[in-house]
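What follows is chain A paired twice: with chain B in the first complex and chain C in the second.
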Partner chain A sequence: MGKSANALEHVRVGQVAPREAYFQELALFRKANRLCYEHTRTGVPDPEPPLGQIRPVDVYAVVDAALSRIRSVKEIIGIPETVEPQPRDASKTPTDVFSSTMLANQQLNLLLDQQFAPSDVFEQVTLAVGLTSQLLARFPGATRIAPTPAYERGRRPADVYERLVRCFQRVRSIATVSQLDMGTLTRVHSDDPVTPSYVYNMATLVVSELTFVHALIPDASAPVGTYYPGRKLPSHVYQRVGILEAQLAELEKHVREHPGWLAPQERAR
Partner chain B sequence: MSQVPPATAGRSIYAQLMRSHQSIALIGVGMLVVSLLTTFWVRSHTTRFATVRGPIVSSATTTQSGLQRSLAGLRGWMVLPDPAFREVRLYAWEQEIHPALTNLRHLGAGVQMDGFDEQLDRLTQILAELHEWQSWIHDIAQTPGNEPARVMLDRKVRPLAARLLAGMSAMLDLQKREPVAPVREALLSTMADLRHAVMQVRTGAISFARDGDPADEATIQVNLQTAAREMRRIEGHLDALQPEQRDLVGWLTIELLAYEARANEIITLRSSQDWNLARHLFATHANPLGIAAAALLTDLSTVQHELMEAEAADVVRISNAAVIVLCGLILLMALSAFLISRSRARQITAPLSALSEATQAFASGELSADLPVLHDDEIGRLTSSFNVMRASLRLGEATLQEREEHLRAVVTSIIDGIITIDVAGVIRSFNRAAEEIFGYTVDEVLGHNVKMLMPAPYRTEHDGYLHNYHQSGEAKVIGIGREVVGQRKDGSTFLMDLAVSEMSVGDGRMFAGIVRDITDRKQAEEGLREATEQAEEANRAKSNFLATMSHELRTPLNAVIGYSEMLIESAEDDERQQDADDAGRIQIAGHHLLELINEVLDLSKIEAGEIELHLEDIDIAVMVDSVEKTVDPLMQKNANRFSAECSDDIGIMHADLTRVRQVLFNILSNAAKFTHEGTITLRAERETTQVPTTGSSSVQRTPASA
Partner chain C sequence: MPTIYLIIALLLARSMTLPAPAVAQDKDNSQAQLAPPDVFVLVGVVRGELELISL
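Moving on to the complex of A and B:
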C-alpha cells in the first residue's frame, strides 16, 4: 500500500532558483528530523522561513540544520564523522544543489522507520491548495476552492506524481504569462518506482513555486496552516491534487485575461 | 310666448355647444393630468419598491438566511460528521447565498445610491473569504490534525508509553531474577513506581488531550516528576544492576525524556487557543467574517428599509395630497360644469322654448303669423323652416280639407252603401246610400255592431266568421263579392251584393263593405229569364214548323219534280218539245222551290249551328254549265243577256257542290232580278290558289243591293 509497482518516468528539474532548492532542503530537513527522532527521541521545529527573497544563504541554513540532525543520529548510533568539508565549488548551480538534494531525500527516506507517506503528500498538496486559493482571491468572482472531484479507487503514487507534474506545468505557464522565471521539468527514465517520497518532492516543488508567486502579492493572506490529515491513500491524494489542478486552470484563465495581475509588484528571482 | 333673447349673430349652437363641452373637458383634462402626474410619481416609487428596494431587501434577507444556514451546517459538521450538515452548507451557498448575491449585483445596477457598489464589493469579498474558510474548516474538522494534542498523543506519546512500559517490564523481569535482598526490593519498588508513573502520565495525557482538565495536567506533571525521580533512583543503583539492565536504564532514560517532552507538548497544544483547529478557525475567521457579512447585509437591508419607509411616507403624503387635490378638482369641475352648462343651456334653450311654444300654439291653431327670426344660427334656420312648414301645412290643410269634402261628396252621392267596421265588427262609418238601403240614420248605427244589419241566422254566422278570420286569416268574404241577405230597420230583408275589403288604418285594421240592393236587378233578371224561356219556346215551334214544312213541302215538290220528269220524258218521247220545255220549267221551278226550302232549312241549321258541308271534287266547267242552264230563264225575265265564260280545262275544285251552286244561283238570281236589259256575265278563272268567281252587271244596280 502506497508504493508504486511500476518504474515510471521521473523528471529532472532545470533552471532551478534558490527558492526551489530551499523547499527541497526543507523536505530534506523534515526527513532528517524524523530520522533523528526515531533514533534520538529528539526533534526540533522547522527552520523559520526567510523573510523576503530566498537566497542561497537561506538554503545553506536549512541544509546545515538537516546536517545537524543527521549528525545527532550518527552520534547516538556511534558512527564517527568521516566526511571532510568539501572546498567551495563555484561552478555548482542551484540546479546541482537541487538534484543532489533530491537524491539525498530519496536516500534519507529509505533510512526512516516511518517513511514519507501519502498523508505527508496530502499535507503539501493541501498547502498548495491554500496558496492557490489566495492567488485566486486576486480575481473577484473566481472560484477559490474548486469542488472536490470524485474519489477514484486504485490510484497509485505514479498517478499522483503525473498529476502534480501537470500542476507544475500549469504553474510554470502562469509564471510565463506573468513574465516570471521558473524552473523547467524534463522527463527522464528511471528504474526506481515512484514512491510517496518522490511524490512528496514534486509536491514540495509545486508548493515552492506557488509560495514564490504568493510572496509577490504583498497583501495576500497567509494560507491555512498544515494539519495532519490522518491516514491517506494515494487515491485521496490524487483527489486533492484534482482540486489543485482545477484551481490552477482557473487561475491560468484569469491570469491570461489579466497578464499584469502582479503589477506593479516587483518580480524577482 | 316667452321673451326671445337677443340675437347672437355669428355664434352657432354647434360652436356654443363645442365651447361649452370643451370648457368642461378642459377642466376634466386638467384634473386627469394632475391625476396622471401623481400616478406616475406614485408608480415610479412603487415600481422601485417592487423591482429594486423589495428585491434588495429580499435578497439581503435570503443571503443572511443562507449565511446563518451555512454557519449552522458547519457547526453541525464540526460536532458530528453527518453528511447532511455538509449538504445543508452546500445548499445554503449554491441555492441561497450565491444566487441572492448575483441578484443583488444585478439590482445594484438600478440603484442610484452612494456606496452601494462598494458595499456589495466588500460583501462579495467577505463572502468569498467566508466560503473559503468554511471549506477549510469543513476539511479540517473531521481530521485527526484538527486536535494537534491528540495527534501528539496518538502518534508520539502512546508509542513512547508503550515502549517505556515494555522496557519497565523487561527491567522488572530481570530484577525479579535477582536474589532477595534489600536493594533488590527497593529497585523493584522503584521500577514499579516508575512504571506506574508512566502509566499515570499516559492516562492523564489521554484525559487532558480529550478534556483539557487542569487536574489531568497536574496528574501529568506530578507523575512526570515521579517518573524522573524514580529514574534517578534507579540510576543511583546502577552498580546493583546487571549489565543488560544498565543498558535498559540508558535507553529508558532517553525514552523517558522524550516521553516527558511529548507529554508537555500535549499540555501545551491542548492548552493553546487553537487546540481545536476547526473551532479556532471558526472563531477567528469564519465567525468574524459571518458577523461582518451579516452586518453588511443588515446595513444594506436597513438602508433599503429606511429608504422604503421614507419613500412610503412620501407616497402616502403625495397620495393624500393627490386625493385632496383631486377631490377639489372634482368639486371644481362639477361646479364649473353646472354653471357653464346652465349658462349655455339657457342661451341655447331659450329660443328653442320660444319655438316650442310657437309650435304648441300652431298646433292649437292659434298661430296665424310667422315667427320672427332673431338668430343667425341653427335656431334661426329652424324658425325659418318652421315658418315655411307652417305655410305648407296651412296650404296642405286646405287641400286636404278640399279633398276630404270631395271624397265625402263622392261617398255620400255614390249609389252603393259604404260601411266601415273595426276588427270587432263595430260600425265606424255609414254613408248616405247605406242609410237609404237599410233605413237607419248614421247616428243610429255608429258604434253598433254590424250584425244589426243582418237577419238571423246570419248574425251568429258573422260572429263565427270574424272569429275564424282573426284566428286563421282565411277570408271568405274579404276580396270576394257575394250576395247576402240584409235586414232593414223595418225588419224586412233583401238581397244585396256585398264586397268587403280590408285596410290598414294606423296600427290597426278596418274593413270596408260596399253594399248594393239588388232587388230590382234580381227582378229584371227574372223577367229576362222568362223572356228567354219564351224565345226558346218560339224557337222550338219554328223548328217544328221547319221540320213540318220540310216534310210537308218537299214531299209534294218531289212528286212535282218526279212527275215533271215523267212529263218531260213522255213529251220527248212524243216529240212534244213545247211540252217537254214546259215540263222542264216545272221541273226546274220545282227544284228551285225545293232548294228554297232547303235553304230555309239550311238557314235554320245555320242558326242552330247544325249546317253540314259535303266536300267533294267538283268539275267547275260542268258546275258552271249547270248553273247557266238553271238561271237562264231568270235572265230572260228582265230581257237580260247572260253569258257564262269558263274554259273547259279550268279544272276541278274541292267544295260542297250544292252550297257553291246555291251561292252562285243566289248571286245570279239577284243580278237577274235587279238588272233590266243588261248583260250578266258569269266568269270563272283560275288563279294561283283559288278560283275566284265573279259576277258582273253592266247596268246600274239598285241602291238596295249596293
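Moving on to the complex of A and C:
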C-alpha cells in the first residue's frame, strides 16, 4: 500500500499485567477491524470481554481476532506471502507483549484511511469518567462528576496526551495507597509528533487500570456504555480529560483518608 | 422400515455428538496453557502481516 513505516512511542510501560496487555490488544483489534471495514465493508463486534481475571489466553484470543481481520485485508488486496512465526522465547513477559503491541498499533494506524481521531479518544475518556464516577460512589458526599472545565481553544493532541499521563500517574497513586499492583510509566524521547492514535493508546491504558479497580468492587454498578460522540477536536477531549483529572484528584483524596476502601468491611461506609 | 430409520438416527446421533467434546476439551486444555511468550509470537505475526500490507 506504500505507507510509511511505523513511528516510535513516547512512553515505556513497565511491570505490565495481562489486563493492561488485553486492553492494548483490544485497541489493536479495533484498528484492524476498521482497516478491514475500509477494504471489505464488513465489520465485526469487539470480542466478548472475559469473565473474571484476565489471563494470557484471553489476550491471545483478541490478537488472534485482530490477525483474522488483517488477513482478510491481505486476501482482498492480493498478497499471497505468509509470515512465519518467530521461535518462542520463554523469557518474554506481558511487558514485551505490550511494547510490541504499541508498535503494531502505530503501524496499523498508519494504514488506515480514517485514522484514529480525537472522537475515538473522547469515547474512551467518557468511559473512564463513567468508571471513576462509579468508584467515587463508594464515598458518600464525594463529587462524582466534576464541573466541566472551561473550553480552551487550540489545544493539541500533545496537550491531551500530557493530561492523560497525569491521569495515569494519579490512578497509579490511588492503586499504591490501595495496595494494588499497577504498571509503571517512563517517558522516553521521541521526535515524532503526538498523534490522536498515541493519545488513544494512552486513554486505553487509563481505562484498563480503572476497569481493574472497578472490577474489585463486587456491588459496583456497571459503567454506562459509550457511543460515537460525533466529530470532536483535541480541545473537546482536553476539556473532558479535565473532568477525569478532577475526579481522580477527588478519588485520591478519599482513598488516602480510607486506604482500606476496597476491603468488604469498608463497603458499608 | 422403522428399524432402519432408528439405526440411521442412532448412527447420525453418534457421529454428531461423540467426537465433539473430546476435540473441544483438547483445544481448551492447550489454550489454557498459553503464556505471554505465545502471545508475543502472535503479535510478531501481526506485525509481519502489517509489514506485508504496508509495502
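Definition applied: the second predicted complex is superposed on the first by the 253 of 269 C-alpha atoms of A that agree within 3 Å, B and C clash if a C-alpha of one lies under 4 Å from a C-alpha of the other, contacts with A are read in each partner's own complex, and residues count from 1 in each chain.
Keep this in mind: contacts are C-beta pairs under 8 Å (C-beta built on N, C-alpha and C of every residue); 3 or more make two chains touch, one makes a residue touch a chain.
The structure presented is a predicted model; accordingly, all values stated were derived computationally and were not measured.
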Chain C versus chain B on the shared chain A, clash or fit after superposition: fit
After the two structures are overlaid on chain A, angle v-u-w for chain B, chain A, chain C in degrees (C-alpha centres, nearest 10): 140
First (chain B), second (chain C), both or neither touched by A:Pro229: first
Residue contacts with chain A in the superposition, chain B compared against chain C: C
Touching partner for A:Glu75 - first (chain B), second (chain C), both, neither: neither
Touching partner for A:Asp192 - first (chain B), second (chain C), both, neither: neither
First, second, both or neither for A:Glu152, with chain B first and chain C second: neither
Chain B versus chain C as contact partner of A:Arg41, first or second or both or neither: first
Distance of closest approach, chain C and chain B, by C-alpha atoms in Å: 20
Sites on chain C touched by chain A in the complex: 31-32, 34-55
Chain C partner contacts - residues on chain A that touch it in the complex: 1-5, 18, 21, 28, 32, 55-57, 59-60, 63-64, 66-67, 70-71, 73-74, 77, 79, 81, 83-86, 88-94, 96-97, 100-101, 103-104, 107-108, 110-111
Chain A - residues contacting chain B, complex: 37, 40-42, 126, 130, 133, 137, 140-141, 144-145, 221, 224-230
Touch list for chain B against partner chain A, complex: 121, 124-125, 128-129, 131-132, 135-136, 139-140, 143-146, 148, 151, 155, 160, 254-255, 257-258, 261, 277, 281
